[in-house]
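Dropping the structures in below, format is structure tokens.
Two complexes come next, and they have one chain in common, chain A, joined by chain B in the first and chain C in the second.
What follows is the complex of A and B.
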């Protein structure tokens, strides 16, 4: 590795269209750059797509929709909020959002990790999936809006509820509607009516605690929290009751 | 004769997958400001639209004619104009008429002629009817009975500017840099099921009510038929038109507050109603029964505005995006947060509201600058 490759390449994104910005990213990554700092990002979409290498990208500003779409390897840190579709169909890599994220965070992700410090919008983790050793994870520090984990087919979704007051429930309804794979860990409580019909509730087992240790540890390290303080609260596990909930719906 | 080139998609790009963009900003302290920021903000969401519609609503626009109805009318032919002007002279007292100033803009092709008229209603003209109801009836009359003419803005001290083009091009064409208002809304269009023509651009308006909308109203047919009973006739070939008339009916004629109106347009699910206290259950059931035909089905995010108030909300399950930003007394509503941050990087707060929950900015209850509680400010604790 040369010294040059180690230095962060700075790109001022002001006024750049998403195509121009992503072309520029491809260009600098193809030159062997390992670290990129994007300044003044304001709504440019698909940042981090199509790079195929484990580069570090630090974003200052507000990246546009589908941040890290189809991403395969890079690690993106957002110093601000993310919009809708963050981590869309991501295959590998990491997205760390120092703020909140919009709707459909982590949709159809099939690998990689997403950490959001605050809340997420509707349908976080919709249709996340897993295959062999690929297992995506979405860790949310705050709370979520409705349809969390909708149609979830695989992966791990962790909702920490750090901004809930003592005794306050998560507000999301229809949690895990249509869920048929993967697992959701909830810290903080929900009422039975908030869960989708396809979801079962269980106590954590030893291997669940191990999984949580790892991801909550990473979350805490990213955002400066005490992982043990987070972990000492009670967690609930949500799992799909059926692998094919609608298997017989259209069979005559 | 309708000119087909004005109603068909000249780009032949029907299959582009995109979405509309909406943006609103209001100074709840009532200070008027120019449109520069809102044009930049809506242009930042350029790729959400496809150039087949852009528009703006501006409030506090005509202080010199604050008490007159400002009709903005688009004409597709000279005959339409002379017929409408004869109609206006007969039905109103005309204080002033002029062509809406425009400038040649390369992207704007084949524009209709757009004129504005400042009008008063004489007591003997409305014959006991309220002036507002009289004006609504006359707007419907022009839009349904006179060929080649459409009243697309009819409120006092406000106006809609809209047409076929990207919103920033429409702003350039209508020279919006010359205007000021305390409340602006904007729209960039990606037409889904209906033609991209000048009248089909947003905002949609009646009196001083305007609506910009991202989504599809699949209940358009039932909504339209219900509104026809009250004298509203849809003439713009676009689903959003029903929202403007529904709002006028519910908020002006039936004097319902927005909290109730939100429960009519985006009612709580029956299962959610069952979990409410008994008195609230009764109210919510009654609203669904009485106003069932005004339920807006399908995905939507809308920004409604009238004098003194700007309201944003989405369908119950939030199938279209909306982000709220607040900076001191200024309220921002947008499809995307980045558009707000472009014009106001140091927001006090930014958040994503719950589906069906109206976000209201009001002159009567101005937002007060509060202790900064920055989204992303790290004030969550475990």
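What follows is the complex of A and C.
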């Protein structure tokens, strides 16, 4: 049993519609399979949705939008790029992208972890939230587009900027606009005008270093980096100034 | 700053009747009544009264009268008291005026200009007391054609998931946090008893109500509060909320004070933070994107549940609805100009959106013209007041209706429009534990189930009078409607003829 369970089941996704592919995945997972290898993936959406179990899925090719949407448990490794909406409203599990990811990565995630080796598109980490020990994390190796961490209500967002050249800045504007929970760690610095007006800037404290050690350590292990070399650089911490950013907008 | 706002109500206490019991002091959530210990007398400060009439109804000796206090400004049709007082309030606060409930302005109510038909001589009416009458409605996508398997009597065609409701009236989305947990429980139990559905709204579902899942529509809105696999699993229908009639195009800010420990658990956000629902869903900027979320939810629930999409009725509803159906929505919901809310900017509530009657008629017509009306059920909401409105809505083309305000009135709401303050004296729109207790879910469920029973009986009477024995035969049958006092264009959009023609 253990042996069978440990062997990776291979699925050739070429020519399969997402509905067929995901039905295959459900079937394979319900048979107790622990590891799945998907070959020739080309734009199929919603991979990892409705599997509800901590299975390992390795994807070769380019998965489509909403990779791991509403996902609850699986660990997905993408040997390629991910598209938009990766980890949309994810509950639990892990997505490790050996490449870029598109817009709204981690939208409304409430748990689990997403590691992206390269860049992400617009509004990454938007409206991530947390409750007690459920705390999603999004770690981005490269840089991000505008509205990073918009409306963030919880969770941890780490932007490493590893592909920026010496002296080059992150280009995103409106970082953390509307943020009212959670925390953003940026490697390197950003100008004040790049930040949303609801965001404060602070120096790291001991427990921030610990958090970073953990996540950067995992990131480095996934993608073969030297964690200590990354951590040697200066990090900036962004935090929400208010938990009720719009409390004073209204007349009752 | 001294306020220039006059008290809105006059509070009168009849000294002959008052027994100084202080019930009013305890019942008023707005601190209008107080006990003056020095004089040993119950008194009031009318400036804080909102006219909810809680004290009037609970005073054991009927000693209280609450009357409007229309400050007699000089007559002016343009500068009415409401307009003047809104400006005063803004001058004193600098804020966006918030309000609760639905649009209270005098836009034409088309239901009141539509009349129903009845059978006379040429066909017999039916007596629903003695003959079978069918109100059952199936919500969900219907196939273009069905194939029958002659060998095994049954359908060869595979049907999309269908939900049967016994009465075409469901409870509209009202989120926990906006309304109290006891409202949710009352709605869930009444829906279960009556064989219909209630809707969680966008604030998640409290675990103690999972047992009513089979009668529950769960919402997925821009904030994605409390949306997790279990939430989707226990539900009967999943509804994507794009907008609501009270505030089309506007997100929601559930104020931090209302995010109590229990609300925080259900929404899965920390206690005391504002629960912010962004204005758009950031994964939906187009019909194609809507299709993506519709199918994400179908995948997440393995194609076992209808997916509903709710929009506010706006100018282009017909074209948008066509796109929604093509995007895979199994049920589309239109929420009209009079749809209510727990909190909305007053200026939006009172000025944005279109009357639901017009939206319904144009959407139904459009979907028929395109030959896709069967592909989705159409549900409407926003100001449905009684079974007459329901019958007219069905005749105009709706499969079912949602009621929100009517359900709250059944629970005690007196439309004081203070829902946004979180101090609802009736224990409805509040998360304050003491106020919540004022609504007993046993009694709440009874009152709601009674309301649905009354409306069912009346609907059967209406149908019987028309000589129809199944609601299905009234659906979209606009020949059963005639217009009164409507102009040509109105008649044309509604697709009904003038009374007498």
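In this text, the second predicted complex is superposed on the first by the 250 of 252 C-alpha atoms of A that agree within 3 Å, B and C clash if a C-alpha of one lies under 4 Å from a C-alpha of the other, contacts with A are read in each partner's own complex, and residues count from 1 in each chain.
Keep this in mind: a contact is a pair of C-beta atoms (placed from the backbone, for glycine too) under 8 Å apart; a residue touches a chain by one contact, two chains touch by 3 or more.
Since we're looking at a predicted model, the values are computed, not measured.
Participant: Per the contact definition in the header, classify A:115: touching chain B only (first), chain C only (second), both, or neither.
Facilitator: It touches nothing on chain B or chain C.
Participant: Thinking of the overlay built on chain A, is A:145 touched by chain B (first), by chain C (second), by both, or by neither?
Facilitator: first
Participant: State whether A:193 touches chain B only (first), chain C only (second), both chains, or neither.
Facilitator: First partner only, chain B.
Participant: Between chain B (first) and chain C (second), which does A:250 come into contact with in this model arrangement: first, second, both, or neither?
Facilitator: So A:250 only meets chain C here.
Participant: Look at A:45 in the shared chain and tell me whether it touches chain B only, chain C only, both, or neither; answer first, second, both or neither.
Facilitator: Both chain B and chain C are touched by A:45.
Participant: A:171 contacts which: chain B (first), chain C (second), both, neither?
Facilitator: A:171 contacts chain B only, not chain C.
Participant: Of the partners chain B and chain C, which touch A:235 in the superposed model: first, second, both, neither?
Facilitator: Neither partner.
Participant: Per the contact definition in the header, classify A:65: touching chain B only (first), chain C only (second), both, or neither.
Facilitator: both
Participant: Under the contact rule defined above, give the chain A residues that sit at the interface with chain B and also at the interface with chain C.
Facilitator: Residues 18, 45, 65, 84 of chain A touch both chain B and chain C.
Participant: Where on chain B does chain A make contact in their complex?
Facilitator: Per the touch definition, chain B meets chain A at residues 44-45, 47, 271-272, 275, 317-318, 321, 323, 336-339, 341-342, 350-352, 354-355, 375-376, 378, 380-382.
Participant: For the complex, give me every residue of chain A touching chain C.
Facilitator: 18-19, 22, 26, 45-46, 49-50, 52, 65-66, 69-70, 72, 84-85, 88-89, 91, 104, 107-108, 110, 123, 126-127, 129-131, 134, 150-151, 153-154, 178, 180-181, 243-252
Participant: Sort out for me which residues of chain C touch chain A in the complex.
Facilitator: Counting only chain C, the residues touching chain A are 89-90, 92-98, 220, 222-224, 227-229, 232, 253, 255-256, 264-265, 268-270, 272-274, 276, 278, 282-283, 292, 295-297, 299-302, 345, 420-421.
Participant: Of all residues in chain A, which touch chain B in the complex?
Facilitator: 18, 41-43, 45, 61-65, 80-81, 83-84, 98-100, 102-103, 117-119, 121-122, 141-142, 145-147, 160, 162-163, 171, 173, 193, 223, 225-226, 229-230, 233
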